[in-house]
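Should a chain be cited, it is by its letter among A, B, C, D, E, F, G and H, assigned in written order, with residues numbered from 1 in that chain.
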Amino acid sequence: MATIRTNRQPMDMERAHIPQGEVHVIPERCKECGFCVGYCPEQVLAFSQEINAKGYHYPVLAEHKEDACVHCGFCNLICPELAIFTVEIARQGGSGSAGSQE
Amino acid sequence: MPAARSSGPVQIRFGGYGGQGIVLAGTLLGKAASLYDGKEAVFTQAYGPEARGGASRADVIIADEPIDYPYVTQPDVLVALFQEAYTLFGGQLKPGGTLIVEEDLVRLGEPAPPASLLPATRMAEELGNRIVTNVIVLGFLVGRTGVVSREAAEQALKTTVKPAALELNMRAFEAGFARALAAGAAPA
Amino acid sequence: MSDAPQREQRVLSGTHFMLGDHACAEGALAGGVDYFGGYPITPSTEIAERLARRLPAVGGKYVQMEDELGSIMSILGASAAGARSLTATSGPGFSLMMESIGLAAMMELPCVIVDVQRASPSTGLPTMVGQSDILQARWGSHGDYGMAAFSPASPQECFDLTVHALNVADQYRIPVFLMMDEVVAHMTERVVIPPADEVPLVHRKRPDHKPGAQRHLPYAVGEDGVPAMAHAGEGYKVHMTGLTHDERGYPALTPATHNALVNRLVDKVRHNAQHIMRYDEFELDDAETVVIAFGCTSRSARQAVRQARQRGAKCGLLRLVSVWPFPEQRIRELLQRGTVRRFVVPEVNLGQLRREVERLTQLPVQRINHAGGAMPTPADILEVLL
Amino acid sequence: MTATSAVIARDHPNDPLLRSDRFPHILCPGCGIGTVIHCYVEAMAASGVPLDNHVCVSGIGCSGRAAGYVNVDSYHTAHGRAIPFALGIAIHKPELRVTVISGDGDLTAIGGNHFIHAARRNMNLTVVCINNFNYGMTGGQAGPTSPRGSITSTAPKGVHDRPFNLPDLARAAGASFVARWTILHVRQLRDAILRGLQKPGFSFIEALSPCPTNFGRANDLGDGMAEMEVYRQRCRIVQELPGFDELDIDFVDEERPIAVGNFVDIDRHPYQPVGADAFDNVPNGTQRVHHPVGEE
Amino acid sequence: MSDAPQREQRVLSGTHFMLGDHACAEGALAGGVDYFGGYPITPSTEIAERLARRLPAVGGKYVQMEDELGSIMSILGASAAGARSLTATSGPGFSLMMESIGLAAMMELPCVIVDVQRASPSTGLPTMVGQSDILQARWGSHGDYGMAAFSPASPQECFDLTVHALNVADQYRIPVFLMMDEVVAHMTERVVIPPADEVPLVHRKRPDHKPGAQRHLPYAVGEDGVPAMAHAGEGYKVHMTGLTHDERGYPALTPATHNALVNRLVDKVRHNAQHIMRYDEFELDDAETVVIAFGCTSRSARQAVRQARQRGAKCGLLRLVSVWPFPEQRIRELLQRGTVRRFVVPEVNLGQLRREVERLTQLPVQRINHAGGAMPTPADILEVLL
Amino acid sequence: MTATSAVIARDHPNDPLLRSDRFPHILCPGCGIGTVIHCYVEAMAASGVPLDNHVCVSGIGCSGRAAGYVNVDSYHTAHGRAIPFALGIAIHKPELRVTVISGDGDLTAIGGNHFIHAARRNMNLTVVCINNFNYGMTGGQAGPTSPRGSITSTAPKGVHDRPFNLPDLARAAGASFVARWTILHVRQLRDAILRGLQKPGFSFIEALSPCPTNFGRANDLGDGMAEMEVYRQRCRIVQELPGFDELDIDFVDEERPIAVGNFVDIDRHPYQPVGADAFDNVPNGTQRVHHPVGEE
Amino acid sequence: MPAARSSGPVQIRFGGYGGQGIVLAGTLLGKAASLYDGKEAVFTQAYGPEARGGASRADVIIADEPIDYPYVTQPDVLVALFQEAYTLFGGQLKPGGTLIVEEDLVRLGEPAPPASLLPATRMAEELGNRIVTNVIVLGFLVGRTGVVSREAAEQALKTTVKPAALELNMRAFEAGFARALAAGAAPA
Amino acid sequence: MATIRTNRQPMDMERAHIPQGEVHVIPERCKECGFCVGYCPEQVLAFSQEINAKGYHYPVLAEHKEDACVHCGFCNLICPELAIFTVEIARQGGSGSAGSQE
């Protein structure tokens, strides 16, 4: 699925500072709607191979995206199940924000 | 299969999740008995918003005499098509009743009760469409228990399924039925 | 019935394995319904859905209204224009229709309201059974008025009684209620639909004079108390009002007019009760215990009576097919035999119809009640019978 | 030379259009409901639709008595429910032209939901709302059209909430023809009703009318003529639907004009019930049509 | 009662010559009503008009709603926020309120609905008397539920019973109906309003713990079956639903929960019937004929009994002040004396409450009915008594 | 390198704002109601109004379950009647900020009258209408917001009548703040609700949401993502309320844009109940105010 | 006047048209009896949309004992303030009862029954305001029949009429009362 | 009361031909609202001295206005009681239309 362009910039994004986020997931709440995976501006997420108790594939970090989260909060707010959120952490070196360069 | 051959009512419960088509399976079974086998039959199912995405059930009672109380209280035959259905309904099966489970989706646990294992989803995929899982199950059930005649079940299929889909459904029924015979059960 | 081309068969003659709700819808079609106005509500929605597909295909009209207030008023308007009309709802929607039911009674507009009863009060258990709108059907609108109510116990009866309800509504120009319950509505069984020409149809009485020939008096009645009905658009220049009115349909705001009018509205049903009423007897001949039941509960009751008989208990079942009129006279006859020792009334409510039984006898009236969500089982009843 | 009598008549030429055996009607002196009834029956006669194909439906209230005075099939129904009753008639017999005449309280307070939904569906109905700014029959309570500041028996110190702009509401809900006139503008009112009767879809005509007994007495408009004078002095005819506030009626601010006119006249496909035919993709778009209605 | 500054006297202590409708409004004020939401309808409008003037002047709120559906829902919302709240209507509006009455019962939101009965059904005779909503008050909403209804026979009782109705509603958290009639509503008589501190006020039970201290269970009950009520805005984080619910107020869609809940709702009234109920006895001690009457009709009945006694007829009057609960037990006591030979039940309806009497006895129950517009006169009743 | 797990959590930071013991909720996968609830609780927390002063009221239907999931005083009332229930609370305790969250069928079909009247009065209420274009709870019947041509269980050949333009209807009825967003526009949606919570008077926020189980399945929008993609491709943000037809939502015409935005934001005196004070002649006029809401 | 002096209930009916103020006259009479004379009293009136502009009535019953049936069935005293009221209600007057008519607005016909003729409207105009016609009528009625005491009636006026209008109303009452005395009737 | 200027010309008025009307009144229907008298564009009408059975003064021809009616129909349509109408008659000589010259 293609990266979506939301009509506006992510809320906290500033040119001067791109925060790094850590993705937290509550697998048992997930119903695999795909909103977080589909609309993460940095394409950080993918579906799990495992299923939860109800049989749903929940979000995990996509390949090579372990450091790509910019803590924009979009996945958190759009999740209808309150099953995902991000926490800001100290930015580590690396190419994590590649996805935002498209 | 004792329950099926007795003249008393036979209670059949299908347990599955949305999309597995158990409502159609139950309806076909009841229709076969009621319209084409000269028996009495009643079909009921569970409703409710909380049921969405969870286990649902489809119940059929077949009898020679008019059926008063319409609900299945203790199934003679239980078809469990995924794990939660088995968990919920397994304990209700009448002692000596017939248990049919989706081989790939249900683990019977230990000690495993006697059960017919049916890889219905896989078989449907082999036939080209998972949508006929339910009809494979129906074919197997009919072959395994004889609660309705093969002819009645086929007639029910013919008068229910859209013409374009009939051939696939008939093949699915046949596949299930044949597997039951192969497994050693004799139809009534 | 409309003359519009029918692209599908109106009467689905044949033998079917059919959902109760769908059987009701097919009964509406076979009974000649031209117009359905409704609003979705569980567990009646399947009636609307089937009619949304089937009715237009046979030249009828389906309108999904904005609410139940609109639903019932639209069927009354259609009725005034000559349509056989019907709506279907459940408890909360039924409550919303109460005001307009009084208008139907007062204007004498034939109509059928299906109430698929669920566990109540309020939102309750929307997907589960209740039988607790039975007294509401009788008393729910303000004032006294004539009405009838039937309660099917099977999909077959959902079909049959919908036809009967439409006939009774037309013949007596009263609102008629089909008091289904969720068990019967959501149960699939064999339903036999007769050939179209064997469906018994009774239509409303029509004026015996041409429009314009003489002044039409919309509420002039003969001995039977039922006025002939002219429809909108026929040239009779009808006037109708929910106010107390005279033969011309004009407001006539006097106590005497009111008293005569309301008594006539009630007498239309009272005097014809024997024609409207239906019930079913099972093993009553020597019964010492008489079970009185209706709708889904009567199924458990029949099974319990059968089982109790096997164990030697002298019991029988009076199954109410019409709940209103209530078969007072039949019960009095049973009492006159002198063999009856007690009554047992199982209901999915806290004891509504048993009150009617209590009016007729000082013998014990035992209640078997569930407030809703589940019907009494045969075992529940058997326990009381033995 | 003193005043001389006019010709004394026993019948009115329009009596055949009315249930004239019920005249004089029960309405108060100076009330404009009779005038609206008169405009309706003239429009009806001029409509080209046979009289037997006209149906009149009312709700409850003073204006709700209208159905009882017109000599066509007529139904005086329940409070607020005239529109769905009319809908049932119109759907079952599409050859009939069904007009709803009722009051502001009936149609837009308790009946507001049916009003907006009938407009939304673009039902084949002509709805004439006689707006006298209060509940007349029950003695002058405030309603959803009572202008701000007006005194009523349930707002003895003045109405605080703002009234509906009924033309704007009707338009936003989906009506095809929307007009507002007063009973002083009898010809325009009659012709607007006529336009409504001839036009497919949902037509809405608001007719402002005095209620001297209740609203008038409480608001220094003590007889019908006093309110008519306000109309004469302050009404301004406009051709397009004015802005939201421009449509407000305000008896407190004496400088404020009252906008009247045929505001909306567009073609949009009228309602059909759920059909056996597949949905035909009629364009949803609308266009303003220019008919010289009520502008003789 | 609101703490807002009161610019007028809330309790109009003193002796007045007052219209029944106004006495009801003053009862509402004295009974502590904070919020009135209503819609005009004859013959109840004078209640609204008086409260529109008086309530804001004592710090309360009056809102004229868009319809009766809104009226009752707004008083339920106000009740949830802690208000003593009341609405007033007549038959057609009462019918429209039926659905929400079920919600009041299910959520256990105290409220008082005044129905000033007029001649019905439908629009009927709006300005003339009826007593034909009495069974509707009991059964008009779908399902079983607990409620109470009072029927004043004078302006004084309009005052007194409005206060009592508010107390009963609060104490048991049920909808309470004040079933007035047009005669009493439009009659002016002496009304004595006690000093403010002598108006008997009973308030709803409140949580015995502070918000946040522990989890609040909105529907946890003790032996009396009445849950303590926390209000919106107090920090208890209440949840309420019209669905079948558990102690937390959460939906719990099982038959067992439903059965327990609905039985509790009904038992709240049944078990406290003796506290809620009111009736009045006149010349009953040795009565062979017992007249049972309520509201305006009880006035004619009393006069007729007085006159019949003068002529030697042993008759008496059981005047129902509470119509629901119906004084079953008291009637059974009268029957046990063995002196009663018959009952006479005059009503401005076609025989509604007489059905309740018939349930309790096989003695003759004679009806004196008028469908509406006029009440039975003393002469009408006297004729039957002699 | 394969995908790696995120941090597995048991609680969500917003759980205290929710009745998290009831999660997962009963709503279907791909349904947007949970997202709206999430936006509401974030707006609530950001509003500056103490949490104990927030009240949430719902009607009946899938969206009507919203009240059951938010951890404030909350009432799940009767079908169509959330607004008058909320009104009673708001009038009796003006210090509370009452929000109504409910569905399109609940608020604008059966509840349409209360909706327009609350807007007319300019009641202190924030009304969030989750519009999923059909009746979800009962299985996908057509409603007053079902776009023309859409397939539903009661319009098997396509809906004929046109849907409401809810923003235009709300404006014409008298609302002070009117917005429409989709659940893809989560931030704008949250901020619009926040604006509603902070603004006196009647605020209306329409939140378009997928109903994959019913509406989606019947209309080739088989899962939530399919409908979200429509929103992504076709939504256009506009600043002023567009014309009547421009607000229409049309899933048949794939070229047609869907207008979203904060359309109306005006100051008009909020409702007061009938008062002991004389009517104060507050000007009835309105003015558009410019707040950069939801336009971060 | 026999009816007035008897200890049984006295039924008084006012018939007039809108604007003549009979509702206030009846209310004042009932209030005087009930609150200031220690008697029982009930006041009723006719309602209805058809009544507008037509004849309306205001009825009072005054008694020593509690009054059960609240309606006037046969007036002991009838006050007819315009022609239609007399036409409608004249025949209901109890034999020997008191008839008071507005002299200028009612023609009694032939043979004229015994009646007190009161030019109340003219008298009110002489006092400066037609609005007090009803209070003149009340004063006359009290003077003529004595159903309530003068003091009670005046007290009722004082506690009902707005202070600004009291003086005019008291003069009107006095004018009516005086005219009754002049006509030869003695108050109780 | 001043003559009103309605916003538009009377319907049938043409410069070429001013018809003459004859006023017909049904006195028993009249409730004296005054609309016809007040808004007759030619000021043809006045109130009667007599009252009808309900006590109302009904419209009569004003002094010197016996021939002034131009059969515009306004009185007819505005009358809420259907108590007045005009009939076109052959125009007689005279100053009947003076009122229209203002």
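Quick note on the criterion: a contact is a pair of C-beta atoms (placed from the backbone, for glycine too) under 8 Å apart; a residue touches a chain by one contact, two chains touch by 3 or more.
Worth saying up front: this structure is predicted, and the values here are computed from it rather than measured.
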**Complete:** Contacts shared by subunit A with subunit D include exactly F
**Prompt:** Taking contacts as defined above, which has more of them, C-D or E-G?
**Reply:** C-D
**Item:** Inter-centroid spacing, subunit B versus subunit A (mean Cα positions, whole Å)
**Value:** 43
**Request:** With chain centres taken as the means of their Cα atoms, state the distance from subunit B to subunit G in Å.
**Result:** 88
**Message:** Report the inter-centroid distance (CA atoms only) between subunit D and subunit E in whole Å.
**Reply:** 39
**Item:** CA centroid of subunit A to CA centroid of subunit E, Å
**Value:** 59
**Request:** Scan subunit B for residues touching two or more other chains and write them down.
**Result:** 48-50, 53
**Junction residues of subunit F - those touching two or more other chains** = 28-29, 60, 78, 80, 109-110, 112-113, 117, 137, 144, 154-155, 273-276
**Residue list for subunit E, restricted to those that touch at least two other chains** = 42, 52, 62, 64, 66-67, 69, 92, 99, 103, 107, 122-123, 126-128, 241-243, 253
**Fill in**
Per the touch rule, the subunit C residues reaching subunit E in their complex are 69, 91-92, 94-96, 98-99, 102-103, 105-107, 117, 119-128, 130, 132-133, 135-136, 138-145, 241-244, 253-256, 258-259, 261-263, 265-266, 349-350, 352, 355, 358-359, 362, 370-374
**Message:** Which residues of subunit F touch subunit A once you look at their complex with the stated criterion?
**Reply:** 1-15, 18, 20, 23-25, 27-35, 37-39, 42, 183-188, 190, 223-225, 228, 232, 235, 237, 295-296
**Prompt:** Which of the residues in subunit C end up touching subunit B in this complex?
**Reply:** 15-17, 42-43, 126-128, 182-183, 186-190, 296, 299-300, 302-303, 306, 377-378
**Message:** If we count contacts the way the header does, which residues on subunit D are in touch with subunit F in the complex?
**Reply:** 109-113, 116-117, 120-122, 144, 148-149, 154-155, 157-165, 168-169, 171-174, 244-245, 248, 250, 252-253, 268, 271-279, 281-282, 284-286
**Request:** Write out the stretch or stretches of subunit A touching subunit F in their complex.
**Result:** 1, 4-8, 11, 22-29, 31-35, 38-39, 45-46, 48-49, 54, 56, 59-64, 66, 74, 77-85, 87
